[in-house]
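What follows is chain A paired twice: with chain B in the first complex and chain C in the second.
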Partner chain A sequence: MSEHSKPERSQANRHREGRGGEVTDERAESEGRATPSEEGTSRLKGRPEPAERSEAIRHAVAVIGRATFLAAVLGFFALPLLWLATAPFDARPGITVSVPEFTLRNFQALLDNPYALTSLRNSLIQAGGSAVLVVTLAALAAYALSRARVPGRDALLYVLLLLSSVVTGTAAMVPLFELATRLGLIDTHLGVVLTLSGGLLPAAIFIMKDFMDGTPTSYEESARVFGASSGQILRHVVIPLVRPGLATIAVWAVANVWGSFLQPFILLRDPDKAPGAVILYTLYTEGGAPRLDLISTFSLLYSLPVVVMYVFVSRRYGFRFHGGIKS
Partner chain B sequence: MSRLKGAPSPPSAARPVGTAGFVLPALVLIGVFLVFPALWTIYLGLTDYRLTGLEAADPRVVGLDNYTAALGDERFRGSLWLTVQFVLGSAVIGQAVLGFAIAWVLRDRRGPVKRVTEGLVLLAWILPSSVVAFLWIALLDRDEGTLNALLHTPGAAWLLDHPMPSIIVFNVWRGTAFSMMLYGAALSNVPPSLLETARLAGASTLQQLRDVVLPHIKGHVLTNLLLISLWTFNDFSTFQITAGGPDGRSEILPVYIYNVALSGGRLGFGAAISFLVLLVNLVFAVAYLRLLRSRRTDATPKAAP
Partner chain C sequence: MIALRGLTKEFPGGVRALDGLDLEIADGEFFALLGPSGCGKTTLLRTIAGLETPTSGNIWIGGTEVTSVPPGKRDVAMVFQDYALFPHMDVTANIAYPLRIRKVPRSRREARAAETASRLSLSELLSRRPGQLSGGQQQRVALARAVACHPRAFLFDEPLSNLDARLRLEARTFLKRLQRELAVTTVFVTHDQGEALALADRIAVMSAGRFTQVGTPTEVFQRPANTFTAAFIGSTPMNLLPGTAGDGALRVAGAVLPLPGGVPDGPIVYGVRPEYMDLSPTPRADAFAGKVAVVENLGTAHLVTLESREHLIQAVVPEGAEPSAGTAAWAVPRPGRGLVYRDDRLVSPSPANGENR
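Take a look at the complex of A and B:
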C-alpha cells in the first residue's frame, strides 16, 4: 500500500510545478506580441491572401471576445466586493456601493459594540487553540508514522483522510451537537476547538508526513547513537527540519477555524463566547435596521487576517491541493 | 509496539520510535470527534430522539421509520431536488465551466490583468462565509441593493422572488477559484506544440479543446468535478443568506437538516437525513480516491518512453 501515499503527493507536486512552470513557459508572451504562426504570416504581408485575411479577422474576433469575457469576469467578481472596500470608510454607509465620503469614524462603532472585539478575541482563542492542538498532534503522529514500519500504515492514513472529507460538519451536526451536550462542552471554547481539530487532523497528518518523509534520517541515527530519546530527537532534530511544514499546518488550521460558522453556531449559545463568524451573522440578522457602520468595519477587520495569511502561505509555499483541504 | 521492539531493526532502516505513544493522541481525538459521530449518526437515525419532550428523556428505537417518513415527506423530496439543482447548477456547470474558461483565457497571459483577475476570484474564495453572505445580501437588497441600482430595477426582490438562482449564482462566485487554479495547472501540462500544430491545421478553438486539450486534462476534470460537487453538496453558507427561505424554496439539504433537527428539535429524523448525506459523500470520496489510484497506475507505463 506504500504507493498510495504517492498519488496525492505527486498530484500536489504537479500542481505546484504547474504553477511554477507557467512562469518559465515558452508560450509566455507579453500581451499583444505575435504568436509564431502570426509571425509566419506577417512575413508574407506583401501579398495578402484570403486565407490570411480570414485568419486575421478570426484573430481580431478572438481578441475582442477574450477582452469582453475578462471584463465580464472582473465585473462579476469585483461587484460584491466593492461594498467591503468602500462602506467601512464612508461617513454615511449605505447598502448601495458609492464613492465614500472618507472617514475612519466607523471604526469607533467597533469599540462601542459589546460583542465586536470580544468576538474577535474568541475567534483568536478558538483558532489559536485548534492550531496548537492540530500542529502538536499531527507532528507527533506524522513523525511516528513516517519513521516506523507499521503494517497498514498507509491504509490507515487513507481511511482517515477519506473520513475527514466524508464526515463534514453538515453531515455530522446532529451527533456533534449531542456529543458536546453529553460531554458538557456546549458553550465552551474547548468544545469548538476539539470538534474542529478532529476534522482537520487527518489532512494535517497527511501533509505533515509528506514533510517528515522528505527529511533525512541520518541525523536522528547519530543522535540515537549518542543516547537521545525519541522525544529529544523529535524536539531538537526533527522539528527544526520541518518547521516550514509546521507553519503551513498552523496557518491552514487558523484560516479554517477563523472562517468556520456552522460548528460554533451550533455549539455556542452564549454570545460572550461566540467567534466573529457568528457575531457577524447575528449583527445582520437579528432585529431592527442593520448597523451598516458596524457591519462594514467589522467585516473588514475580521476578513483581514485570513487574506494576510493566505497571501503569506501562497507566497512562501505556493498553492497546494489536498483532498478535503478546504472543507 | 511490542512486535516492533522485539524485531531487530536493520542498521540502515529507520528505527521504530514510540509509535503508539506518538500516534495515540491524534487517533483518540479523531476517533471521538470524527469517527464516533459518524457511527452515532447511524444509531440516532434509527430512533425518535428529540431535543425536548418525552422522546428527549426516553428515545425509542423506531427502525427505519425515519427513512420511510422522509421518503413520504414533501419537504424532504423538495429539498433533495433543490440540492440536485444547486450542485449541478453552481458546481458542475457554473464553477467548472467558468473556472475552465478563465484558466483558458488567462493561460498565456502575463501582467496585471491576469493578476487582478486571479486575485479577485481567489478573494471570493478565501473570505469568511459570514462576510461574503452579507456582501451578497447587500448586493441583492430589494430597496438599496447595488444590483438593482445598476440594472435600474428598483424593488426587485431577488432573494425573495428568485432564491434558487440567487444562491446558485452566489455559489458560482464563491467557489470558481478552485476550478480556475486546478485547470490553470492542468492547462500548463498540455504541450504547446500540440496546440500549435492543431491551430496550423486549421482547427477551431472548440476542436482544439475537444481533441487536444480534453484528452490531456481528463483526470483533472474528473478530480475537479468530484471535489467541487462534494463541497457544494455540503455547503452551509447559503444558510446565512436565505436560511432556506422563503417557504423552503432554497432549502438545500444542509440547511434542511439544520432546520429540521437543531431548529425543529427532531434530532433522530435529522440524523437519518445526515446519514444519507454521509453515504453520498462516501460515494464521492471513494470515487475520488480510486481516481487518484488509477491515475497513478496509468501514469507509470506512460512515464517510461
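Take a look at the complex of A and C:
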C-alpha cells in the first residue's frame, strides 16, 4: 500500500535531478534515507514551474514517507509485543495477531505443566544469585582497580574483557561442562550462577570501574581522616555514590541470566532445576509442533518479572552512565 | 603542637614535592602555608594528615610521633579544597559523620551536630543536601564537620578559594574568630598572600618543596629573608633592583642611596615596596628617575609604574597626587624602608638595631 510511495518518491527525485543537474548531494540524501530532510527539499527550489504546488506535494510526500517508515519500524517491534499480549488469552492462538477469543484456559493448561512455575522460580534464583555475585564482586574489584596503582591494570582489564566472551561462549562449553562435572556442580543452581557470573564479571568490572573513576577520591580521604575503616568507607561513602552504577549492573546481569539458554541447558539435566529459558523449549507437542497456547502464555509470564524490574529500578535509581565507558 | 623533622616526600617519577622540611607549630597557633601553585603545600598538609607517606623524615602531633600512624588515628580534621561533603547525606549527617565513626549514639551526635551548626549559623539548613547549598554555606558545613569532632588540629586546604571575593573576606574574619574561640592548632594552606597575612600567627613561605621563610606576618612582610619571599609577599610586588654597594653608598638604577650599616661592598639587589616610595616632581640624587608609563587606580591610592632605562619601578601614591602618564617623575624610597639582598640573602640590619626610619 503506502509502502510503495517510498521508491516512487526517490525515483521522482532522481528524475528532477537529471533536469536540474544537482546530482551529488541530493542523490546521497534520497538514497540514504526514506524521508528527505527539509534542507534536502529546499535545494530543489527555484524551478520555473508553480513552485508552491510542487512544494506542497513534496511536503506531503515527505510526511507520508516519514509516517510509513515509522510505522514499519514500530510494527516491527510492536507486533511481537502485541502478539505476546493477545495470544495468551486466545483460545486458538496462531502466529498472527488477531482479536482474541478471550479465555484464561491457557493459563490453566500452563499450570498443569509440572515445570512451568518452578522454572520461573529457578530463573529467579539463578538471575538473583548471579546479580548479587556480579554486583558484589564487580564493585569490590572495580573499587580496588580504580583506587590502587596496579601495574598493567588496563592491560589486565582488556584481557579479562576479551576472555570473558570466550569463557561462557559456545567454544568453552565442553571444558566448562568437564569442570562442572569434576567439581560436582552439574545439576546445581550454583554451577549455573558461577558460570554465568564468570562471563558477566569482566564487563561488569569494566563498567563499574568507570563509575568509580568518576567519583572524586576526596570523599574517601575525608572519611579516612575522620577515622573510618576501609569497610566503613565502602559502606558509607563509595557504595551510595556509585549506587546508580550498581543498579545498572544488577539489571544488566539479571536480564542477561534471564535470557541465557545454552549454559543452563548444558549444566542442568534435572528439569526441576531448569530455568524458564530452557523450559520454553520443551513446550512442543510430541510430534514436534510448537504449542502456541502454552508458549505464548509462558512467554508472557516469563517476560513480566524483567519488565517489572526495569520499571522499578529506573524509577528508584535511574540508569546513569558517567560519560560512557572510557579506556 | 605539630613538629616536622627533615620531612621529604618524593613522588614516583622523581618529583620532590617536599624537600627536607623542619618546622614547629605551637599549640593553638594559626599557621599559614603560603606559596605559588605546585610548591608542595597540599602535599605537606596531606602528609601531616597521613594521606601521604613521607619518603623520609618524621612528624609529631601533640608530642607523639605519628609518622606511620594511619590518618584516622592522628586526631586531626581536614577541610578539603572542594569541601568533600558527602552528597548523599544531609547537613546533619555530614556534620555528625566523624561522631558516627566514633560510635557516638545517634541522638547525642545529632544534638552535637545541631549545636555546632547553630554556632556556624547553619540551623536553617540542617536537612538540606550539599547540592542544595551555596558555596559559602558548603564551606561552613565543612568547617562545622571539622569542628564537631574536636580534633587536636585543623588542616585547611585553601578552604576559601572557591568563594567569591566578598564572601571570602567575610569567611576570613569568621574563620579567624572561630579559631581564636576554639584555640585549636590550625594549619592553613593558601596561595593568597593577603589571606595569609590577615589570618595567620605565623606564615611559612614555600617554594619548590622548601620553606623560604618562616615568621610572623610582620616579619615576612617587612623583612622578607630572600628575593623570592620579597617578590611573593605584598599585594603589589616589591621593586627589586640590581645595584652595587661601595664608597659608603648604594648605587641602584641611577640613584645614590645611603648605605645601611653592616652591608659589605659588592653587587647587591635593592628591594623596596611600592608603598614605601614617594614621588618627587623634581630631580633628586636619592631617587629613581623615570617616565610615568602606567597609572593604575587602587581605589584609595594609585599604583604608578615608572619606566627607567632598563627597569620598571612602581610606587603607590595617595589619592589626588597621581602624575599623568608620560611625565617625568622621581621615585624616592623612604629612609630605612629599603632592603639589601646579597646572594639572595637579606643583609641589611633591621631598623631596631640599625638606622631608624
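Here is the rule we go by: the second predicted complex is superposed on the first by the 201 of 327 C-alpha atoms of A that agree within 3 Å, B and C clash if a C-alpha of one lies under 4 Å from a C-alpha of the other, contacts with A are read in each partner's own complex, and residues count from 1 in each chain.
Everything below uses one rule, namely that a contact is a pair of C-beta atoms (placed from the backbone, for glycine too) under 8 Å apart; a residue touches a chain by one contact, two chains touch by 3 or more.
Being a predicted model, the structure only gives us computed values, none of them experimental.
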{"item": "Touching partner for A:130 - first (chain B), second (chain C), both, neither", "value": "neither"}
{"item": "Touched partner set for A:144, first chain B, second chain C, both or neither", "value": "first"}
{"item": "Which of chain B and chain C A:219 touches, first, second, both or neither", "value": "second"}
{"item": "Touched partner set for A:106, first chain B, second chain C, both or neither", "value": "neither"}
{"item": "Superposition-derived comparison: chain B or chain C, residues of chain A touched", "value": "B"}
{"item": "Partner chain(s) touched by A:241 [first = chain B, second = chain C, both, neither]", "value": "second"}
{"item": "Touched partner set for A:256, first chain B, second chain C, both or neither", "value": "neither"}
{"item": "Chain B versus chain C as contact partner of A:228, first or second or both or neither", "value": "second"}
{"item": "Intersection of chain A interface sets (partners chain B, chain C)", "value": "221, 224"}
{"item": "Chain B contact footprint on chain A (complex, rising order)", "value": "3-4, 6-8, 10-11, 14-15, 18-19, 21-22, 25-31, 36-37, 62, 66, 69-70, 73-74, 76-84, 94-97, 133, 137-138, 140-141, 143-145, 147-150, 158, 160, 162-179, 194-195, 197-199, 201-202, 205, 217, 220-221, 224, 230-231, 233-234, 255, 258-259, 261-262, 266, 276-278, 280-281, 284, 295, 299, 302-303, 306-307, 310, 319, 321, 323, 326-327"}
{"item": "Of all residues in chain B, those that touch chain A in their complex", "value": "4, 13-23, 25-27, 29-30, 32-38, 40-41, 44, 98, 101-102, 105-111, 113, 116-117, 120-124, 126-139, 141, 143-147, 149-150, 173, 178, 181-182, 184-186, 188-189, 192, 196, 199-200, 205, 223, 227, 230-231, 234-237, 240, 253-254, 257-258, 261-262, 267, 270-271, 274, 277-278, 281-282, 285-286, 288-289, 292-293, 295-296, 299"}
{"item": "Complex interface listing, chain C residues touching chain A", "value": "49-51, 70-74, 76-78, 80, 82, 84, 86-88, 97-98, 100-102, 149, 155"}
{"item": "Partner chain C, residues of chain A touching it in the complex", "value": "216, 218-219, 221-229, 232, 236-237, 240-241"}
